[in-house]
Amino acid sequence: MKLRPAHLVSIAVLCPVLLVVTIWAMYAEHDRPWMHYGREFREIEYRLTGNPGVRSRDVNIRQLWLRQLGITDRCITCHEGADRPQFIRQAQPFRTHSGDYLKKHPVEKFGCVVCHEGQGPALTVEAAHGEEGNWPRPLLRGRFAESSCGRCHFMEQGLPLSAELPGAAEFSYGWRLFREYNCTGCHKLSGYRRPEHIGPPLTSIGGKVGRNWLIRWLKDPRAVFPGTRMPAFRLSDEEAGYVADYLMTGRGRPRAAPALIKKGLFSDRAVIKEGEGLFVSLGCTGCHAVNGRGSAFAPDLSDTGGKVRPEWLLRWLENPRAVDPNTRMPDLKLTSGEIQAISAYLMTLKRASGHVSPPAVEEKEPPPAKNIERGGRIVRDLGCTGCHEIGKPGFQHIAPPLDNIGDKRPDELFFGDMTGIEKDLTTWLKIKVMAPGRFSTDKAAAVMPDYGFNDRQARALATFLLGMKERSVPPPYRKALLDPERIEMRGRAVFEKYNCAGCHRLGGEGGGIAPALDREAEKSRPEWLFAFLKRPYKIRPGPILRARMPDFNLPDEDAAALTEYLSYIAGEPFPFDPEPKRQVYAEDVRDGEKLYRAVFACIACHSLNGTGGRIGPDHTDLASRLKRPWVEKWLKNPLSVRPGVRMPVFKFRDWEFEALTDYLMTLGQYRFVEIKRAD
Amino acid sequence: MPTPRSRFLGRGESGDDAAGGTAAPMDVSADKQRINRRMFLKITGWGSFFITMGVFLAGTLRFLFPRVLFEQPPTFKIGVPGDFFSGGPDLQDGHIRVYEQWKKEHAVWIVREGRRLYAMYAKCTHLGCTPNWFPEERIFKCPCHGSRFYSNGVNFAGPAPRPLDRFGIFLAGDGRITVDKSRIYRFRDFDKQGAYLEV
Amino acid sequence: MSRKKSLWKRVRRSQVWRSVFRHDYTDTRRNRILQIRSNIFLHIHPARIPSHAGRIRFTWCMGGITFFLFIVEVITGILLMFYYRPVIEYAYQDMKYLRFDVPFGIILRNIHRWAAHLMIATVMLHMLRVFLTGSYKPPREFNWVVGVNLLVVTFLLSFTGYLLPWDQLAYWAITVGANMIRATPFIGHEGPFALVDRYHDIRFMLLGGTEIGANALLRFYVLHVIVLPLAAAVLVGVHFWRIRKDGGISRPL
Amino acid sequence: MGEYQDRYEFPDLKFNVQRGKKRDNRMEKGEKKDMFVWPDLVVMEFLTAVALTIILIVWALLVNAPLLEVANPGISENPSKAPWYFVGLQELLVYFDPWIAGVMIPSIIIICLMMIPYVDVNPRGSGRYAFSLRKFALINFNIGFLMWLLLILTGYFLRGPDWQLYWPWESWTVVKKVEDNLWSPDPATGLTGLALYFGLGMIIPRLVSRDFYRKCGPARYTIVMLSILLMYFVPIKIFLRLAFNIRYVLVTPWFNI
């Protein structure tokens, strides 16, 4: 059957075209990008190892299939050198994984996208890095990858702020900022409890500061105290006035003991001088700073004279907890003279700007009720209650919750009128925490205040927030802090909360005002430590140390955590000391007493029940306070325990040593039981 | 009657010879040229068509062989040599230790015999049941037909025809010991390179 | 050469060959007709047709193209079924699997998808052509009705296939479509004169639930790979049969 | 050879009996113009198939089938469009309630399409392109087809976020105002309007072209005119909406049109 020439020619043209197209399709199938990388990798491997066998290894798709995580990762198809140390100098995609992350997180168990995001199953550069339209989670580049640490490592377990996740400095820093700046005061984040008010209560602020100072403060807190955590709310003059009016209504006049108020007190140079001395020797600088010296833990006092009313200060020093029941300022048990001296000194502290201290008596007529109401509304809308106790407006989260903030897509974010920036989540988060006002438009004002974060802080916070994602990991991947770690973490948290390091030294860090605590638990019984922390008293009657342990009014669990912590770092058993029961003979004790009182004349330096010397520590409750092994060690050679101590080294004979120890260990057995919550 | 021109019509094969031997020999050169041209077109057209069909078929077959599988990979890592060889007296010959933790997931016992480490397949060589390890007696027992193996996998009782098979084991580039289940060594290959790891 | 030829000749004369190909290829009218009549695939054609029916200008070849596309869809569809699981957890993953791993997976999916779109267009153009040439006129009325049904089946085939990748495009297109159905009068729970609640209306029947979920995916899959192709095949058979029985392709009266 | 030739014959076409003469002529003409299927038509079909395969492969190589993110009931695509062939219906949703746009209109279209051969009594113009012989049918069908096409084009190319109208040169980031000034006439007016439209639409053609009515008979006439009036009601409603912001023509407690 003869074909027409036209048909024949068409067949002869179309069929070869079909063949060409088909071969094109074949070629497209067998020319995938990952094959190029595979071949290149083999060349590099050959160069590095000199083993010709590696060149003939098949180029294949390598896949990690992690059923539990629901992850299919093919990243290692191109990133073949990720877990092989000799590729450290190669360019990507062949370079060895940085750091030692893979040691603790083997690739076979964790895959890649768990931390880095991106599209695991994809095999082209763009798609695999998640920069393709249909993948919502692009590769986390650079240190933003640390945000994923939070998926398994839960930071919010009452950890101390100094807790650090090794290898995730950025993430830890972000978490620290998040906690420190009390973001949960406005934002809800599940798993994070709203912390206690980090700002002072405003219920009686009118009795503490003047209206002018308040307005200045509200307008720009960092201009008043550069290091403050109080953010700037971008208030107009009127708004700040309204808020001040509102706050000044909660006045609650401070009532200092009348005996404290003395005429001419604040101008007496001798008293001021004494106060300055006390301020340092009592250890106030352990927490407060004055003109750049001291710690930033508690408010800077450089401008006290320009800020607070004198009678408030007197009352405050007399009993801080009477003014603010939740304050962390301890009761230093100051005498009236000390209070007066310190107050007088502090009231002299003024910034160079030279504004006058608020008048002792209040301004005249009250502001119009309308203004007060307006101020109240602003206070409510701005979420001041997140950090301050105000009284009337109860607490509520005023800002959007942060759960799943890391899952937000660019089209769900409000960029305002901003142009010329990359419209992605990380950029948005950075701008939002650094300068939220930039998203404001005529129609929609950004409520979030300015915290004055710098670029590095903003990046850290953004890293932390990026990790707040919905997708959770199965339980085996979750990292709970282990038990010994938990003791340490809890103890450290309490230690930090009360700024113990302001006076005590621990682990090579901290102030030198009070004894170092590294080996404290070796010396003291835990029961006694607990009681002492709950209600400190003076162990040394003498005037050697001016500083004294203040009463922090610790709750039981904090005191227990600290005690446990100190035992833990000293390697001592907790909660009780299983000291072997010893047979103590009455004659030994009698001999010991003789030695104590007469032969070695310990009583000359130490006191017992109110009698004796005032140089060494009191011995009235020694047995309930100290552990026997430590006492023995101390008696043998005090200098080996604490170099430079004034206690002399006695050369005891063996029986003397035994008898003396036996005697000492009968002194005031278990007095701590009575001490506990005595008044 | 077919004309000479029609000799090559039809199926597109070059040798279509419907007219049998009866056709008159070609003697006109113009005709010959036309025939050759038709021949050429036909070969190009049908040739490329059938090649294409072949390629389609090959492609379809290739389609049925995916490049990656959702299965346990044949290789898995069991740790660094230090996990198994801690040094000391038990490295001498004849001291055998059986590690059971990979049996459940991978059906493998890791056995250390002196300085050698090998991966034993937890499958009876008789009929494929999974034997159990009894550390007190230091033998493997197969529950199906009662085969018994010493701790090094050598059979000594029951119907099992040969010692337990072993998998390939080697030190990977990252310094960790890797078991390769795609390579199986039988008794006579136990001393071959790759069936054991020696330190 | 000559040996090869004689071998070829012997093959051609063998009993096996002749049992398959019953006639020779001499260029005679008889053979041309026999070619068509004795071939199951070709004999949907008559042996001869009016010459205007062979002109692209007249038919646009749209019916034929549509049929060819249907065959392409069936072949690529069957191949794709090897790698597709109609389960919510896997459906989208399998799309990625086809896209990145499976040899020729991406091109098969592309062909399947584009051919489906093309088929909708050709089937509509075919209808337009049939109307323009008045080819639905007696005695071909019923075949037009069959054709309209085929049009509907083609739409449904494409529509059910749309959900299967289980991506945002699929999900929301089907959501919009399915929500229209619930406004059906009488049998849709939001339509006028609704007689049924949302658990017993036509949308529930189609989706196997009140929202698009696992059941809907499975139902659409079954419709897409079994029910509708079968219906289409039967209707295509009837359609072709009726073309022959109604006097072949229409011609000027 | 002869016996095969004779087998090729037309079936007994009853309706052609009265035009037997014509039929004979055509038989003669047709015989002359017949062509063999093998190989001529088969080759053409083969060529078409090959060409189509080439097109499909090239298309598939150059353009990937769309695949968006995994389905997420929590996030709507904006705009979320139906497949292109249903975009016309989606476009109608702007102007009609879902039960009309999504259910009634497609059902009516399909039913009307199926009825075409039974209501078209014009015997002329079968099997060829003959506009002059079938003006009425062709004009109406083509307008309908064109409307469908236009709706698809509008929906596919001119609809942006929130299903607002965007010209191709306009950016989708510009927010469009949602029409919020729609109103509906009271039921009495609406009913009157509808009655007028359908009533006059039924009566006037009958008065104008009595011949047409006679040919069709009452039943066919009613069906034809009703379908055509329904079809034109769609662009009229669209026009009313766009020009006069009319939301519904008829408001009833049970349904709105």
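Order of writing sets the chain letters: A, B, C and D. Residues in each chain are counted from 1.
To be clear about the criterion, contacts are C-beta pairs under 8 Å (C-beta built on N, C-alpha and C of every residue); 3 or more make two chains touch, one makes a residue touch a chain.
On a predicted model such as this, the values are computed, not experimentally measured, just so you know.
Participant: Please find the two chains that have the most C-beta pairs touching each other.
Facilitator: Among the chain pairs, C-D has the highest number of C-beta contacts.
Participant: Would you kindly tell me how far, in whole Å, the mean C-alpha position of chain D lies from that of chain B?
Facilitator: Taking the mean C-alpha position of each chain, the two centres sit 59 Å apart.
Participant: From the mean C-alpha coordinate of chain A to that of chain C, what's the distance rounded to whole Å?
Facilitator: 67
Participant: What is the distance in Å between the mean C-alpha positions of chain B and chain C?
Facilitator: Each chain reduced to its C-alpha mean, chain B and chain C end up 40 Å apart.
Participant: Roughly how far is chain A from chain B, centre to centre by C-alpha average, rounded to an integer in Å?
Facilitator: 57
Participant: Residue numbers in chain A touching 2 or more other chains?
Facilitator: 1-3, 11, 14-15, 18, 22, 25, 28-29, 61, 72, 74, 134
Participant: Counting only residues that touch at least two other chains, what does the list for chain B look like?
Facilitator: In chain B, the residues touching two or more other chains are 6, 9-10, 49, 59, 67-68.
Participant: Residues touching two or more other chains, restricted to chain D: which are they?
Facilitator: 38-40, 44, 50, 53, 57, 60-61, 67-69, 75
Participant: Show me, using the given definition of touch, all chain pairs that touch one another.
Facilitator: Here the touching pairs of chains are A-B, A-C, A-D, B-C, C-D.
Participant: Inside the complex, what are the residues of chain B that reach chain A?
Facilitator: The contact residues of chain B facing chain A are 5-6, 9-10, 38, 40-42, 44-49, 51-52, 55-56, 59, 67-71, 73, 76-77, 173-175.
Participant: Using the touch definition up top, name the residues of chain A that touch chain C in the complex.
Facilitator: That would be residues 1-2, 25, 28-29, 61, 72, 74, 119, 121-124, 127, 134 of chain A.
Participant: Over in the complex, which chain B residues touch chain C? Could you list them?
Facilitator: 2, 6, 9-11, 13, 15-20, 59-60, 62-68
Participant: Considering only the defined contacts, which chain A positions touch chain B in the complex?
Facilitator: Within the complex, chain A contacts chain B at residues 1-3, 8-9, 11-16, 18-19, 22-23, 25-26, 29, 60-63, 65, 72, 74, 83-86, 106, 108.
Participant: Write out the stretch or stretches of chain C touching chain A in their complex.
Facilitator: 25, 27, 31-32, 35, 93, 96-97, 100-101, 103-104, 107, 167
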